[in-house]
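The two complexes that follow have chain A in common; it is paired with chain B in the first and with chain C in the second.
Entry: the complex of A and B
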């Protein structure tokens, strides 16, 4: 209770300082909360950006497509590498080395190849989401107790049964964690792609508002985008809790 | 194993070269490896200059991240009320995509070195801060009690008990933080750079100079892989020296 009070007080103090600085400073650079709230209202009433809905929808669509592809490729790659020792030992280190490269270095090439439309954002979101999912599958497979697999096999369980009854329960927790990280990174990838160069989507609106020094609108757009991000994470958390309960 | 790795890389490069030579892909978008290698000679001067610039900014951002992250982590980890009040915000900021504040940072700090260093630091500091906070919080209580019972002063507690205990975590954080710092610096250079590797790459992309762009991408990737792997090797050395069981 007291901790919650302190947290609320902390937020209030920070907002107060922000308001004070914002009122005295150049309005092109600082936007006090008292100006950000009306800007948010204008944005939500579709006055400042009438086509907000379309841009928001496009961003969501890009995220969904990229994430679906990342799941499919990540699970496929992960199981291919994890279940086959030779393949895993040969290509696992290459994958790990590529993961050490800051992903944004691939973005100019993707932009050149796929153009400024949705495809390059989907490709970048896919790329960011793919790695954590693959690595989570690999880590999960390593967690499976090989003795359990052997015993199940000895009692005549088929490959599919072993997978469903023995492997999946013991690796599910790690797997779902990886899927959640993958979603967060896919969302970031799509938005980074949109900010760095695009014609539509939330990132392009943010870039537009920034380019015209419409700083209040920029803050409002960031708040709307944050809701999208936090919402996607909340869904992922829900799924994670479900999976946790199922394993226990 | 090495042989299989090398062979598959050679096969991929060979197939790519064949496909590009056969004209199945537009060389404007997918240049052959030989064209990339040839282009490398052309962009080498500007690419190495850009890389040096980027790595210098990354180094500053990295030092700042490590210092701020470790200091903040020790503070948050050892003072419980501060941790309870501030930690949820730290976690939230860690998870928030920093790209959203990038335009504001560029508005405030302009184009050039400063925004890149600041943005790189914002990327690098959080993983270190979060990890160190956890490590300091979880330092074995009995060690602290014993040290106190033997009359250790406060600074001695930190210097002799807490710091040695968190070294492995700090190293893990430093490895994570390095890639994040480089990422942050590159993003700023691509978004609003006038110098550096990110700027070189985005101008090559805008100029549709695919072979040069691929060469530059390969150079940065190779550089970051080398840096991270050598950090890993150093880490291994250190953990041998500490006598860790891995």
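Entry: the complex of A and C
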């Protein structure tokens, strides 16, 4: 209750400051909440951007495809590198080196390669989501207590049983954490990709409004995108709780 | 007394970064059904390696290991159960679920394995801790869960690798008494690794003293005295002195090499 109160107070103060600055500054650059709320209303009534639904759906679809690919490749790569010492030692350093490169430098080449449509956004979202998932698998495998593997083997566990009954539960927290980070970064990748250059999607609308100095609409679009991001994180949290229940 | 476990001229060499190390050389022994056989010796003498071989987790480089007349090449949870050093419990499983682990792997139906585990909790002194996780238990309790997990699969042979090594002395003495009681009731064959002279003399029907690396069998001491043993009786005091002089010699050698 007190936490909620403090949180509401902070939001109220921030909104107040925003309102104050917005009223005193150039209205082209700063939009106070009192102007953003009507703009959000117009956006949701499909007055400012009648095709909002299609753009939103496209962005969600890009995120879903990119995330599914990041999970598949991240888990595959992580387990291949983590379970096989030779492969891990051969490719691990390459992975680490690639991860150290700021991902955004890849984006221009992704656009050249995949074009301005959804494919380049999916590729960028995938790229951002792939690394934390792979690294979480690797970290998770390192966390597995080898004594517990020995115990399971002594009780007759096969390789697959060791994987299911010892490795997966040992790594679950790390793994789910990595999947969650991967989702957040995939969402960021897709939206950043759209903002940097696209013909459709939430990012392209944001770019459009911003470019035309429709600042109130721009803020409203950002708020809708924010809901998308918070929503995806809420789903991830739900999955995390499920996973916790499953291990118990 | 039929020989349930036979170890015949077994060698084991480990390759380490500083060259090969002879862990065991030419070790032979036989353990009869119902025995409580203790392996004792200086650190690094290959006791745990030998135990690992009996459990099918370590393969000998030479010689052979037979359990019930059959060569051991992999863990066989129908004949051998192992209690590990530091318990080795699964932290995401409750006491009951840890005890059930072996039965679960053997495909015993849920109701039946639960019933077996619940029944064991009484003698384990863990009845009130069935739903607790390992981190909520004391060291002695954790070790009893590990013993329960081994007893649950009801094998004729139980291997114990310093099960009480990490416990304080009082708990250790009590756990020894408790184990003796369990062993006398179940009449299982136990092979027990320890560093404790007291444990060896209080529990065993036979003590096998191993040499410093490379591990060989230095001597075998039979202990036919009835249980519970009066540790201050003259014959046990004499045996203790004998045992200590042998282990002391080997430990000094092990220390000198290290």
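What we mean here is this: the second predicted complex is superposed on the first by the 238 of 248 C-alpha atoms of A that agree within 3 Å, B and C clash if a C-alpha of one lies under 4 Å from a C-alpha of the other, contacts with A are read in each partner's own complex, and residues count from 1 in each chain.
Note that a contact is a pair of C-beta atoms (placed from the backbone, for glycine too) under 8 Å apart; a residue touches a chain by one contact, two chains touch by 3 or more.
Only a predicted model underlies this, so the values are computations on that prediction, with no experimental measurement involved.
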| item | value |
| --- | --- |
| Simultaneous placement of chain C and chain B on chain A, clash or fit | fit |
| Contacts of A:226 with chain B and chain C, given as first, second, both or neither | first |
| Touching partner for A:84 - first (chain B), second (chain C), both, neither | neither |
| Included angle at chain A between vectors to chain C and chain B, based on C-alpha centres and rounded to the nearest 10 degrees | 90 |
| Contacts of A:156 with chain B and chain C, given as first, second, both or neither | second |
| Contacts of A:195 with chain B and chain C, given as first, second, both or neither | first |
| Partner chain(s) touched by A:34 [first = chain B, second = chain C, both, neither] | neither |
| Partner with the higher number of touched chain A residues, chain C or chain B | B |
| Which of chain B and chain C A:109 touches, first, second, both or neither | first |
| Chain B versus chain C as contact partner of A:148, first or second or both or neither | second |
| Minimal inter-chain CA distance - chain C and chain B, angstrom | 17 |
| Chain C-contacting residues of chain A that also contact chain B | none |
| Sites on chain A touched by chain C in the complex | 147-148, 150-157, 161, 165-166, 169-170, 247-248 |
| For the chain C and chain A complex, residues of the former touching the latter | 55-57, 75-77, 81-82, 84, 86, 88, 90, 92, 101-102, 104-106, 149, 153 |
| Contact footprint of chain A on chain B as seen in their complex | 1, 4-5, 8-9, 29-30, 81, 84-86, 88-89, 95-97, 99-104, 106-108, 179-180, 182-183, 186-187, 190-191, 198, 201-202, 204-205, 208, 210, 213-214, 217, 220-221, 224-225, 228-229 |
| Contact set on chain A toward chain B in their complex | 3, 6-7, 10, 28-29, 86, 89-91, 93-94, 97-98, 100-109, 111-113, 184, 187-188, 191-192, 195-197, 203, 206-207, 209-210, 213, 215, 218, 222, 225-226, 229, 233 |
